[in-house]
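One chain, chain A, appears in both complexes that follow, with chain B as partner in the first and chain C in the second.
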Partner chain A sequence: MELNVNTEKGAAPGAPVLKIEHLHISFTQYEQGLRREQMTVIRDLDVEVRAGEMVAVVGSSGSGKSLLAHAVLGLLPYNASAGGKMEYCGSELTPDRIEKLRGSEIVMVPQSLACLDPLMKTGHQIRKGRTDKRTKNKLKEIFRRYNLKESVEELYPFELSGGMSRRILISTALIEEPKLVIADEPTPGLDLKVAKRAMEHFRELADMGAGVLVITHDLELALETVDRIVVFYAGESIEEAKASDFKREETLRHPYTKALWRAMPRNGFQPTDGVQPYAKEMPEGCPFAPRCRLCTAECSKEIPWRELRGGRVRCLSAM
Partner chain B sequence: MRLELKNVSYQYKKEDRMILEDFSLSAEHTERVGLLAPSGYGKTTLCKLLSGYLLPDSGEVLLDGKPLSSYKGYCPVQMIWQQPELAVNPRLRMRDVILEGDKVEERILHELGIEPDWMNRFPSELSGGELQRFCLARALGKRTRFLLADEISTMLDLITQSQIWNFLVREVAEREIGLIAVSHNQELLERVCTRQVELRK
Partner chain C sequence: MARQWSIRIGKKIIYMLLLVAAASILTFVLMKASPVDPLQANVGQAALGSMSQEQIGKLREYWGVDGSPINQYVSWAADFIRGDMGTSLLYRRPVSEVLGVKLMNSLVLMVIAWILSGILGLVLGVVSGMNRGRWIERIVKGYCLLISSTPTFWLALLLLLVFGVWLKILPIGLSVPIGVEASGVTIWDRVYHAILPAMTLSITGVSNIALHTREKMIEIMDSDYIMFARARGLRGIRLFRQHGFRNVLLPAITLHFAAISEIFGGSVLVEQVFSYPGLGQAAVTAGLGSDLPLLMAIAVISALIVFSGNMLADILYGIVDPRIRRGGVRR
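Take a look at the complex of A and B:
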């Protein structure tokens, strides 16, 4: 494998590439008439990605995880406002900096298949119009790995199946030489073999020195390739664990993470009652409290982070 | 009651590859059949044929020995789609979405954990998991005899997946509705189905 990630200008191996603290994002919505309302979708999210590391933010669909990717890339819609601290390679990630870096050093694999330009052939689109030999060969190599025929380069997005479009989106990121990859739900609609291959490809980018952040609801798939997991629930990150902590229920920390573990088909397929609270009806304190058996009166206050067994958790009763 | 595909062939355009060629499959109403297939195999096409959204180029789709197309009105074979947000009309409130199917028992809404307040919302105000509960309820009308589940939980988190499937297995067993489930996830199919069929190119 060719070592083509320049770690000189960027972060040394193990140094944080991306560091996000207390990220919060809210939307201004119009209710009836001119009455405006703030809806906070992400309330408090911490995540750190180091060079050479692959981190997954895992949370249910519709919980606002995608906004994290959009915030880092400066792609939030006009009616959203974000706060908190974002650092890239040790210094603040300002809008000017984002604009310079995205698409080259910071790349994103978007969730929506609609992100492909419907009027541009896929090959041209992935190469961003470049026609030099090196880029062309690199694309051929990527296609080979993903079982895409060379003729796919000549197709328009509407001629692709769901799984093919997904692989095209991933290719758009892999053709660059990024230091930070943010993949937003990169695998739904892919069969297990292709999904695993895509994750392994991200893993390779991490092994070559890039930081990789995967945002996904597919915990089972993430566990096979990532180093660390940040569990996201109802707008907050509630636990940080090593992927290996998920081998047993006892090594996990937060009651919600344990509930996720028990719901896996291989671990009993047990459901937990209730649903995630709606962003406009958040309980005070711990967002999982209404569904939690260990809940006490203290849980309605603010819950601080605690270091626990090599990870971090935001729960008063976790042991 | 049996749902069958008999020697079915289908292709989208004449010049394209055959999606299905001389394909046969049958399921009893007491069964929960899991279909495991790689991406691009034509699983969704298969489901659309089985539920009458598409007609085969040749061969037959039979329910209880009669062509599915001969059933008028509410189709006894109902399909649940992978992406619930694309399966509901974005301009209808949820209480109207639920009326699109057959009569749905109050009990089902309750068991699926659908909150009364959600009825007043538009699809964009619900999460994927919440929307999928509505799609399930909508497909479980009184006259439903078979249910096709096309990757209905790939977009959902593990807890919602397990809630939905535990409910669905109980419900179809009680009402003797046949179930055909398509998924990439073999572990899930092992949990949910009575029999599995692996499809290969």
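Take a look at the complex of A and C:
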């Protein structure tokens, strides 16, 4: 039984699987009675995932980056609206197309066990209720690969341990033939060893030919396994860099990314003053300007997303 | 596992005994405190006036007006425990016999109403919960709110008026046809007479179940596991069959068994309106006529039925929910 991700149709290695340009997502909220308020959580996000590649979108907790996963899968809440351009394998990702593709070519690996139905046995759930021989054998193959005993199929989610549940959640992706895997915060609350192992599982999916998009707040962990990093700050993608660019501060581009670099334990553990602006009190132009030493008058204008040294950056002073 | 179960069941039995004791004491105290004078109510003011002191004394003894209430209760309880429910003062027959007939009549009504309202309520609740914001949800919600704010007896009168008086397709009351010998009454006659009261009970029972199920269904549809199931391409009927049904069934079961008490309460009113000779009507008659032995027995039986409903819900929950069923073997 071959355990492969979907590579036959389209998506040659290196071809873009997912291409997102100028994604913005906002919520309609009611405040104090009937006053309607538009809250923009993602303002301008660009990310591209190619076949066989693992890309991380890194941003702080609670910054709304999980909405990216929901937007790609067409699962935004009813009071949210999204705009921008999403392409899948070279053509536009319309709602109709999403509905056909999700769960087969586009799969999501959620962050918590709460995403498994508490009343359904694990095996049945991973197979989505399919009982044909092929699917059953495939699941056995996956369990062998992930070192899970066959008896785990008969367990309910509440009976799984933390490490087991990670592997179960990834199994839900592998039972399909995905071309695009979106992992939403795949390592919350895991100890370092288990978290690393989980990231390696995603790396394997990418090595099999799928495009893997990891959404996480853990930059250090991501750096060990991914190919490229997109840094997400206050609703915008501010830098796209190769993982190797993070070896030295000089190869990075945006002042915030550099600040992140300096804040890493092995690089001096230096904090940067200030906090990310709240979605409702966003400054004009560059959202990092109030905290930036290189800030000029030009920074309060629209900042273009431009190419620089093999990556991309949204900063006027970066060179 | 077996030990756990026996402890659980043992506890339940103790609760049940306490409940029966409390219900009987409460009924007894309320009856004793009631302003209804058994002699005036059952013999009549005029007849009493023409009687000698001796005759009145005999009647007072028959209706248990004098004597210490504590002694009366204790002797009733002692008899009851031995299985003797006493003799009904109004019907002049053993209470167990009266109760048997009335209970059978009522059970027919209540079982029909319980099953109908359970199935209909579940279906309506699920459909409206899964179609939030669409017209079908609004209709179901509107119907449920309207019905649950309608008094049962009023609805019973309305149905009586429409089907019994205007359309004349269903009988206006009683459980058997008038002027027919008991031996000539067919099963069909009984069903025919039970339709209207059972319908009333079902209609009122549905709204509560449907509203609660809808609430649960909405909660389930908003849950992470439904979101993930949708992310995995499930939708519509398949989504409901795989992940919705079992999750909504659990709370529905508890709710439905707990609803037995409501149907029971409703049946008192409905039986009154339709002059249906069931347990509810017997309770009203016994209460107003100071028939203490009958009323006490009815109170105890009702408490037992409602209690068993709740207990069954509890046990079923343990069987259906793996988190409880397998709780004991968790590592």
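Just so we're on the same page, the second predicted complex is superposed on the first by the 282 of 319 C-alpha atoms of A that agree within 3 Å, B and C clash if a C-alpha of one lies under 4 Å from a C-alpha of the other, contacts with A are read in each partner's own complex, and residues count from 1 in each chain.
Everything that follows uses one rule, which is that a contact is a pair of C-beta atoms (placed from the backbone, for glycine too) under 8 Å apart; a residue touches a chain by one contact, two chains touch by 3 or more.
Fair warning: this is a prediction, and the values are worked out from it, not measured in the lab.
Peer 1: Considering only the touch criterion stated at the top, classify A:G90 as touching first (chain B), second (chain C), both, or neither.
Peer 2: Touch status of A:G90: no partner.
Peer 1: Who wins on chain A residues touched, chain B or chain C?
Peer 2: B
Peer 1: Between chain B (first) and chain C (second), which, if any, makes contact with A:D191: first, second, both or neither?
Peer 2: Touch status of A:D191: first partner only.
Peer 1: With both complexes superposed on chain A, which partner does A:P118 reach: first (chain B), second (chain C), both or neither?
Peer 2: Second partner only.
Peer 1: Would you sort A:G310 into first (chain B), second (chain C), both or neither based on which partner it touches?
Peer 2: Touch partners of A:G310: none, neither chain B nor chain C.
Peer 1: First (chain B), second (chain C), both or neither: which does A:G59 touch?
Peer 2: Only chain B; A:G59 stays clear of chain C.
Peer 1: Please work out whether A:R102 is in contact with chain B alone, chain C alone, both, or neither, and reply first, second, both or neither.
Peer 2: second
Peer 1: Give me the intersection of chain A's contacts with chain B and its contacts with chain C, in residue numbers.
Peer 2: Of chain A, residues 161 contact chain B in one complex and chain C in the other.
Peer 1: Enumerate the contact residues on chain A facing chain B in the complex.
Peer 2: Residues of chain A touching chain B: 59-63, 161-164, 188-195, 217-220, 259-260, 263-266, 269-276.
Peer 1: Write out the stretch or stretches of chain C touching chain A in their complex.
Peer 2: 133, 223-225, 227-235, 238, 242-243, 246-247, 250, 321-323, 326, 330-331
Peer 1: Considering the complex alone, what residue numbers of chain B touch chain A?
Peer 2: Those in contact with chain A are residues 37-40, 82, 113, 115, 126-130, 151, 154-163, 165-166, 184-188, 190-191.
Peer 1: Spell out the part of chain A that touches chain C in their complex, as residue ranges.
Peer 2: Counting only chain A, the residues touching chain C are 73, 75, 78, 99, 102-104, 107-108, 110, 112, 114-120, 128-129, 156, 158-159, 161, 172.
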